[in-house]
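Chain naming follows the written order as A, B, C and D, and within any one chain the residues start at number 1.
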Amino acid sequence: MRILVTNDDGIQSPGILALAEQLSTIGEITVVAPDRERSAVGHSLTLHSPLRAEEVRPGFFAVDGTPTDCIHLGIHGLLEKRPDLVVSGINKGGNLGDDITYSGTVSAAMEATLMGVPAFAVSLAGDSFRYEDFQGAAAFSARLAEIMQKQTLPADTFLNINVPVPDYRGVWVTRQGKRIYEDVIVEKLDPRGRKYYWIGGGELGFHNIEGTDFHAIGAGYVSITPLHLDLTNYRSFQTLASWNLETMMSLGESGEGEA
Amino acid sequence: MRILVTNDDGIQSPGILALAEQLSTIGEITVVAPDRERSAVGHSLTLHSPLRAEEVRPGFFAVDGTPTDCIHLGIHGLLEKRPDLVVSGINKGGNLGDDITYSGTVSAAMEATLMGVPAFAVSLAGDSFRYEDFQGAAAFSARLAEIMQKQTLPADTFLNINVPVPDYRGVWVTRQGKRIYEDVIVEKLDPRGRKYYWIGGGELGFHNIEGTDFHAIGAGYVSITPLHLDLTNYRSFQTLASWNLETMMSLGESGEGEA
Amino acid sequence: MRILVTNDDGIQSPGILALAEQLSTIGEITVVAPDRERSAVGHSLTLHSPLRAEEVRPGFFAVDGTPTDCIHLGIHGLLEKRPDLVVSGINKGGNLGDDITYSGTVSAAMEATLMGVPAFAVSLAGDSFRYEDFQGAAAFSARLAEIMQKQTLPADTFLNINVPVPDYRGVWVTRQGKRIYEDVIVEKLDPRGRKYYWIGGGELGFHNIEGTDFHAIGAGYVSITPLHLDLTNYRSFQTLASWNLETMMSLGESGEGEA
Amino acid sequence: MRILVTNDDGIQSPGILALAEQLSTIGEITVVAPDRERSAVGHSLTLHSPLRAEEVRPGFFAVDGTPTDCIHLGIHGLLEKRPDLVVSGINKGGNLGDDITYSGTVSAAMEATLMGVPAFAVSLAGDSFRYEDFQGAAAFSARLAEIMQKQTLPADTFLNINVPVPDYRGVWVTRQGKRIYEDVIVEKLDPRGRKYYWIGGGELGFHNIEGTDFHAIGAGYVSITPLHLDLTNYRSFQTLASWNLETMMSLGESGEGEA
């Protein structure tokens, strides 16, 4: 099995090193990862400037781009053969609830899915991030990779894995939960008297609802959330039907000409 | 009605100027937009460096960040009162199918939704982007804003609007379609002999399936797709149930200790 | 006379607009300037990523690079004919004493000199920077450009002009003065608890010595300092001669071989 | 002796590692260097965004800024005591002739000089840059550091050292030579049809004049060039005297007032 590995914490992160080591026991791995931290970059693609890829050691490519760039460049440029699986992580910290839309780690798995390659993202829902802290999640990832080699995911679907610390009691399939956002902006003055702003990091809560990723982690279980690329809210079609949008006719047809 | 306006083409783009002008006829607008083009940045948030906001003219703030940053900074920092609506656009080119996950324009509306503010993204599905080309989509946006003031969207839901050119025959509520990706990487050498790569721009196709955003645009209709923030693929739960993931027990419980 | 105009405050700065307008009365101008502020960038050249140049209006090119890049790109890429003169400015604030080594404005004139094009940098030694504040310095620049068209500077030499406010009593040829540096570093914590640092801006003094640029500005005179590219301190040769450096023989000759 | 070490090739470069190792045999070193390559950045200072410094291993700080920033931050922020010496290098490739004005390595020594700390920059004038290639220059640097501890440089003066390969025949005190610039701009189109430019790297020559840094390297000698911060071309004062600049009176005095 050929496995392409990336992350958003950067190619030096202990999380990707632990992951790569465990995956190398079950397949042939190539690491294509950002040259430095690129967290919270979402599904961001570098279109207007070129990318560099440096092979920092055999099979490890550092790219001056986003995780999404890394997957794109890996599959279409750096790897000789198409990978059988993409694994993104192990992220420093959980990727749970709506936060996954910001996550570079999750977006890399999304990119692989768009390219038709099975993928999962894996995150360590803890707060200590030494090399050894990632061992459990790395071993889990290797076993999941083996399962995915034999099984088939539904079309356009990938998995978002969160692993609790220090150990897990089992595995739950979950749905995406919901954060309670209480974000703030911190305003400051630089030494030259010009204002600047930090996007703040207030202590965030979440809705601890059964069946969600948050709930699984809280209960000590690995959370496996199947995600897809279709953001359509089908249940809101009925609501919109009542808006009589059909009456919003074109300027050309119903506008000034008829006035 | 207080309306916060942003985009991803930058505050100088004719699309946001046309939009702001039309919206100012129905509400009090504040523009908080990137100081330069930030397309394809996805749902990207700037956490590790600070942001600057310059009021380039009254009510127009240029920010050195992403569209998502602009919404965050606008709602929590720059606006005195919480806006009633966020409108993001008018984007130069359609935001259709899976491409919306890359879109800074759509991600700004997503961010507003996370903060509990009703929002829509609007894009011009054409290839000429002069100020006058945006007039039809801008007028449509103003009318939609008026409707949204009276109606209530389902929770956690926002609208992705695409407007065809040169005019539209009506309005369809659609689901998110699917692109056919044929991306390539272009490899080159710089004058110093070092390789670099462009993420290529091959001519892309799409699945022209009835009910999708692509199909509406192709038929000359405005496409309104209700989107939500839940990426869970509920229909794949059954598939995963058959994987016997429960057998993947923790290292601590079933691993070396028992060997 | 063909004049290439740049600055480091960015192509939108009132200083370059006032300068371009006045110079256009005596020659044919092309503006190639940074798309945004690039002050304190020194003699910085962009070698490892490519540059973009957008003609924002006829004869005005905005470049996503440094002032030095702008001169390079202007002379070798964008201008059809080699310019007769390069003028860089008008800078918001004086470029006096050792500070010129940091200055993007002065470095642009240095770059032109390396390419064999006569050049001067011009700065407004004031603290109000509206369009009208630059008129005196702009008019002075136009007259100096006319003089430089008839005169010849020594080889590898360019001029650094500082204009006092609100008006000047005359013109002095000066030497580069010396600042008293009292810089500080400001240490802070971001909302995520990570340290960051600002290079501080303490109120700086200078040695008010007769004959220097500082002294001219203090006395209300335009300061014209002829600069060259030779940083050699010839007077220190004698000091170094006494160091017996000749005894520092190569490892190969005197080192391991003799052991 | 406390020695602050930096470079412009980045903290991972073998040149700075070889240098730090040799200097640690004669003093207490702290490395404060850019987190990645920052060559050709000149005397560039980061004033409008903050800096980060990460202690990647004891006594080694990686900074997301320029070499000049590193010196500033090192002396005023990170080091507990003021260093006795700053050494910048060992640069991958010579810093000879006018090129020193672009050099981040040389500019770091310039910054130290502005802060009153003795300094030298050191470059390897070769084209192979493995760890072992830097050993000769590193050993030379350690011996020069010892000499500089006992000797006193003239005020505002620092040394620019270039070491030839594979070995050197002796040491010459030189003056700054002159390059022959033949730069070109390479124009290209990206995959989306937009132009971009590379600042080209034509094969450059130089004036092989006796007494210059170029000549020393060509003859197999270490080149030591004493540099200062005074760019004034004193010899051009006479030329400028003949320009009758005194007649360029102020607009206020000779302009509207006399009309």
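Everything below uses one rule, namely that contacts are C-beta pairs under 8 Å (C-beta built on N, C-alpha and C of every residue); 3 or more make two chains touch, one makes a residue touch a chain.
By chain, UniProt protein names: A, B, C, D = 5'-nucleotidase SurE.
Small disclaimer: the values here were computed from a predicted structure and weren't measured.
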Remotest chain, subunit B as reference, centres from CA atoms: D
Weigh C-D against A-C on C-beta contact pairs and write down the one with more. C-D
Provide the C-alpha centroid distance between subunit A and subunit D, rounded to the nearest whole angstrom. 42
Could you grab the centroid distance between subunit C and subunit D? Build each centroid from C-alpha atoms only and quote it in angstrom. 18
When the centre of a chain is set as the mean of its C-alpha atoms, what distance in Å lies between subunit A and subunit C? 45
Subunit D: which residues touch two or more other chains? 47-48, 50, 52, 184, 188, 190, 192, 194, 198-201
How would one label the connectivity among the chains shown: line, ring, star, complete, or other? complete
Residue positions on subunit D within touch of subunit B in the complex are 48-50, 52, 184, 186, 188, 190-192, 198-201
Provide the residue numbers of subunit A that touch subunit B in the complex, in ascending order. 37, 39-48, 50-53, 68-69, 72-73, 76-77, 98, 100-102, 107, 110, 114-115, 135-136, 139-140, 143-144, 147, 151, 153-154, 156-157, 166-171, 173, 175-176, 178-179, 181, 183-185, 187-188, 194-201, 222, 224-237, 239-241, 243, 245-246, 248-253, 255
Applying the document's contact rule, which stretches of subunit C touch subunit B when the two form their complex? 35-36, 47-48, 50, 190, 192, 194
